[in-house]
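Following: one structure in structure tokens, then a few remarks.
The letters A, B, C and D name the chains in turn, as written, and every chain counts its residues from 1.
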Amino acid sequence: MTAVTHYFKNVVDSVKTTLIGLGITGKYLLQKPITVQYPDERLPIPNRYRGIHYLEQEKCIDCLACARACPIDCIEMDAVRHGKELEWISFTLDYQKCMFCELCVYPCPKDCIHMGTEFAFVSYDRSEFVHDLLSYRGMARDAKVRMVEAEKKKKAKEEAKKAKEGAQAAVVAEAADDEGEEASSEDA
Amino acid sequence: MLTFDPAIGFSSAVLAVQSAESGLKDGFGTNAIQDFLVGVKPEYVPAWAVPLTAIGIAIGIVLAIVSVLAMFSTWLERKVSGHIQCRFGPMRVGWHGWLQPLADGVKLLLKEDMIPLGADRTLYVIAPALVLASLLGAMAAFPLTETFYFANFGLGIFMILALTSTTTIGVVMAGWSSNSKWSLYGAMREAAQVVAYEIPLGISLLVPIMVAGSFNLIEVSQGQGGGYGILNWNIWPWVNPFMLPAFVLFFVAILAETKRAPFDLPEAESELVAGFMTEYSGIRWSFFFMEEYAAMFLYCVVGSFFFFGGFESPVTSLAESVGGTNSLLHQLGAASTIVLKGFAGVFLMMWLRWTLPRVRIDQVMTMGYKYLTPLALVCVLGAGLWEAFIAPHLWWRS
Amino acid sequence: MSTTKTYEPSISRTEGRPLAGGEREYMIDVRTQDMEVNMGPQHPATHGVMRVLVRADGELITGAQPHLGYLHRCAEKIGESVEWLQYLPYTDRYDYLAAMNNNLGYSMAVEKLMGIEIPRRAMMLRTLCAELNRIGSHLIAIGTYGLDIGAFTPFLYMFREREWMMALFEKICGARLTYSYIRIGGVFNDAPPGWLSEVEAFCDTFEVKWREYYDLLIQNHIFVKRTADIGVITREMALDFGLTGPMLRGSAIDWDLRRDTPYELYDEICKDKAFEIPLASGEKGTLGDCWDRAWVRAMEMMESIKIVRWCLDKIEPGPVIGDIPKTLRIPPGEAYVGIENPRGELGHYVVSDGGKIAVRCRVRGPSFVNLAVLEELMPGALLADTIAIIGSTDIVVGETDR
Amino acid sequence: MNFQGIYDRIRSIQAPGVTGMDEPREPNPQDKKDKGRSGDPYVLVDPQRLPEFLECLRDDPSLKFELMADLTATDPSKEDGYLWINVQLLSLVRKHRLAVKCLLPKENAVMPSSVSVHRGAQWAERECSEMYGITFEGHPDPRNILLPEDWIGHPLRKDYEFPEEYHGISCK
């Protein structure tokens, strides 16, 4: 390739690829954004999500299987045994260390420790990241309630949308009829 | 007239500033303010205070316009980039985040103003002010309508080119005084880049100047009015076939002049952290920011004056026919036309920024010296020949 | 005793920088005092916390020295102190952009010591997830490369698809980045109902979107100009430095562990000729330059889609994990397993003495090995090229430092 | 080529420094303490002659181990008097790999550097030398790579004692 053709090829290439790029970005400029406004609008969280643990205290037998399975030893539990009854003192999980690997869930013989769908922590103090799962149940339950509510809302929204679409379809059909009439009248 | 020398441009601009008063024509600009002040002046105020006050008020108005433009531009930029990238952009403050620039402004004002240890304090403090001041000076030559302006220079475009290129001094000052290697890199790049692109910028502007036969922005705009309306704009090939390539060259050159992507090498956030602005924070940093957006708008306005009909548009002519020449309606039509045209250019620059990667510094130089300058010269030659031999015979040009 | 190799530097001061048109650009007329610039540890283009000490003569780089260790998290030492299965979450964390592949490599190394068979459906899911993660990793690689070069938008487009991929993984294993999904003996969970059809939908969409990235970034003239003829790795150099993965294929060396030392189901996939190994041809400049490497990564994404489709086609119901005891006791021995990570050969060298805990848990991170070539590539480049070169090696600092 | 073929070839070309080989085997049913060995077969090489060995394998036309995938060390136990040097070789043309193992005494952990044969060994050797305290003679750049320059001790040795603090930062 001579220098001259190379010179003009550069000019043509740069203009051409720039126009192609502008076309692609311009197409997206006119489309609807795909992000959501986070605190107001949340993406659905799948059931298997590995969030903050919750404990079914009644089932737990204080066997330490989860604590042993933990790679970083962030689970600590303390209970006093009165015969068959257990008196719980604490069941703490240090979320500064926890890496949400779910290894503590599998060895549980009673299937009582689970990973919930709650994931957000905000605190001014590090010590607050050591959660006591016994007292923490409330929040996990809250999360569940919120999920159920969100699902209800979603369903209602979908139904409303369907109803609206149905209405719109009717309107569109009517409009099409009108247009057809107009066209025929123009023809005449 | 065909020879262009930045030095001549600068000296003529200085002359223009010196003879500003004599150069002022009748209009709503400083003269109107001055007339008003003369009317209300109490006895004990000396006469020489009147023009000074008038200029002060004019500067205040320009500053306000620049700030509003820059603020709106930042909002627009964030919205354009957001929607191009399938995001929303700012949404929280006001309707679709339109008050976000205000919130940012408050934040920047309250932010700690740091001066790095070992920086040259004097230069460090002067630099952002100098950058903004030179741009404000250039903004004075921008007429909002045919009769509303602050200064109507015979060599208006030279004034703008000369003053905007002095921002480089401020940028180099900032880079040097920051005592940071990244800043120094950014400053050196800016200097090299602006010097390289001044040439094609000036040369490509010669093409519409030749067609219009004037350096005055208002006269250039008036030259594109007439019976054919939108078809009379300079950009059309039947006016001059070299106009479109000249505009493309001009547009590329102003991208480089305003440090916009793909020529944002002085900032180059992935290479030089933030270039010459690395060490700046708070309000000083926002001066650079304001300068960038105001310069974008100013250059786009210049482009629309020289290539896209200036004040002329169907809206303006409609307003003129309804309200009469120089009526308030006509003024509003002309002002909104030029502002919209300016923002259309700004939008195009943003669109390009969010599409293209950044070029390398040697490629910037290659592009400036090896591609834009020769091509601009070719355009000027061709346009000159067209104007000399073909244009006189065209019935629509007479 | 032995031969010492020398390479032609890609751009030498006296011969000038080769331009695509056959011209040469000289930079010898002006010399200034060299300046040492710290690129990093906090710099937008170092992909994490890495420091490159650059010696520069104006814009021209005369020397570079990478300094590592800012993200050293003792992964190998931890491997010698936790149980076999407990080390699995740590494998997520060195190459955090391709956690599935890391899980796979570690599990395969331990399985090699144990000498166990894993169910076919588990292998299918493993292959599928590893390939999906390869797509995600390459999306980041090319996206951030574009970001380094200055193109912001393709990066976010690629993140959009990566988000989708991560949402798929979130559905199957519950995590978005550190999956710990592939475990010793199989996989943790079977795919939830409907998941496979979602993967298919992802593949369909991705093929359309891929074209956009290709036009918007890879073929863009400025991108080509920024990356072609820069950071040329010759064949000899690539072999000498032990480069693997796209770095090797970017120098047109036909080597892919998936095909040449088949593991998991890649044997069958290769027999079916379900995918090809893209090889660079030096189309836009010199063979082995940065553009070639970016191009190889872009093409590999499409090949991964083909493998994913093959898996979707052939997958059958069945168990997803073998009969594995809760506490693993691995027979004594030592095994090295290298798998094709998105960045190259990810090697796990594990030594067991028959106990619950490994004696040695070596990770051969491809980023670590690939980064060594940086010192050789940098001299003669411009300051902006350093970004292009670092970006084209596609390092994950979590892996170089481990 | 499988491992046996490679080993035969190494024997026949008399590659320098080869002292033996080891293959995985089933546990001996007679001996209850013997658990056998699983994993990869490897070639045992004298560490002092490792660079020559690597060069010989690199240049041999039928072996062509031109890519060194990995070089690392292992400290098998506190009591053991030897460190292992583990090298993984890869032949892209012949499509085979080989594990090489050297036994290096802990008291005098000095061996020649392989950088002149495979440049890729440079960083791997730096890592080995800081983690295990092995001195590679003739290494062009023998600095620490992952650890700080003033780090005391060699962390991956089994007898390493974790420091209480580093420059006033608590390490526990």
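In the analysis below, a contact is a pair of C-beta atoms (placed from the backbone, for glycine too) under 8 Å apart; a residue touches a chain by one contact, two chains touch by 3 or more.
On a predicted model such as this, the values are computed, not experimentally measured, just so you know.
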item	value
Chain occupying the middle, per Cα centroid	C
Relative to subunit C, chain with the most remote C-alpha centre	B
Approximate Å spacing (C-alpha centroids) for the pair subunit B, subunit C	46
Centre distance in Å when subunit A and subunit C are each reduced to the mean of their C-alpha atoms	27
Chain centre separation (subunit A, subunit D; CA means) in Å	46
Interchain centroid distance [CA atoms averaged], subunit B/subunit D, Å	66
Subunit A residues counted as touching two or more neighbouring chains	7, 10, 18, 21, 24-25, 28, 34
Residue list for subunit C, restricted to those that touch at least two other chains	153, 157, 160, 216, 220, 222
Where subunit B touches two or more other chains at once, by residue number	84-87, 354-356
Chain pairs in mutual contact under the definition given at the outset	A-B, A-C, B-C, C-D
Subunit A-facing residues of subunit B, complex	80, 82-88, 91, 351-352, 354-356, 370-371
Touch list for subunit C against partner subunit D, complex	1-5, 68-69, 72, 74, 76-77, 80, 112-115, 239-244, 253-255, 260-261, 331-336, 338, 345, 347, 349, 351, 353-354, 359-360, 362, 364, 368-369, 371-372, 376, 401-402
Subunit C contact footprint on subunit B (complex, rising order)	81, 84-87, 181-182, 185, 188, 261-262, 264-265, 268-273, 354-363
Complex contact set, residues of subunit D against subunit C	24, 27, 35-40, 42, 51-52, 55, 66-70, 72, 74-77, 86, 88, 90, 92, 95, 97, 99, 116-124, 131, 144-148, 155-156
Subunit C contact footprint on subunit A (complex, rising order)	1, 3, 6-7, 10, 13-14, 16-18, 20-21, 24-25, 28, 34, 43, 45-50, 69-71, 99-103, 107, 115
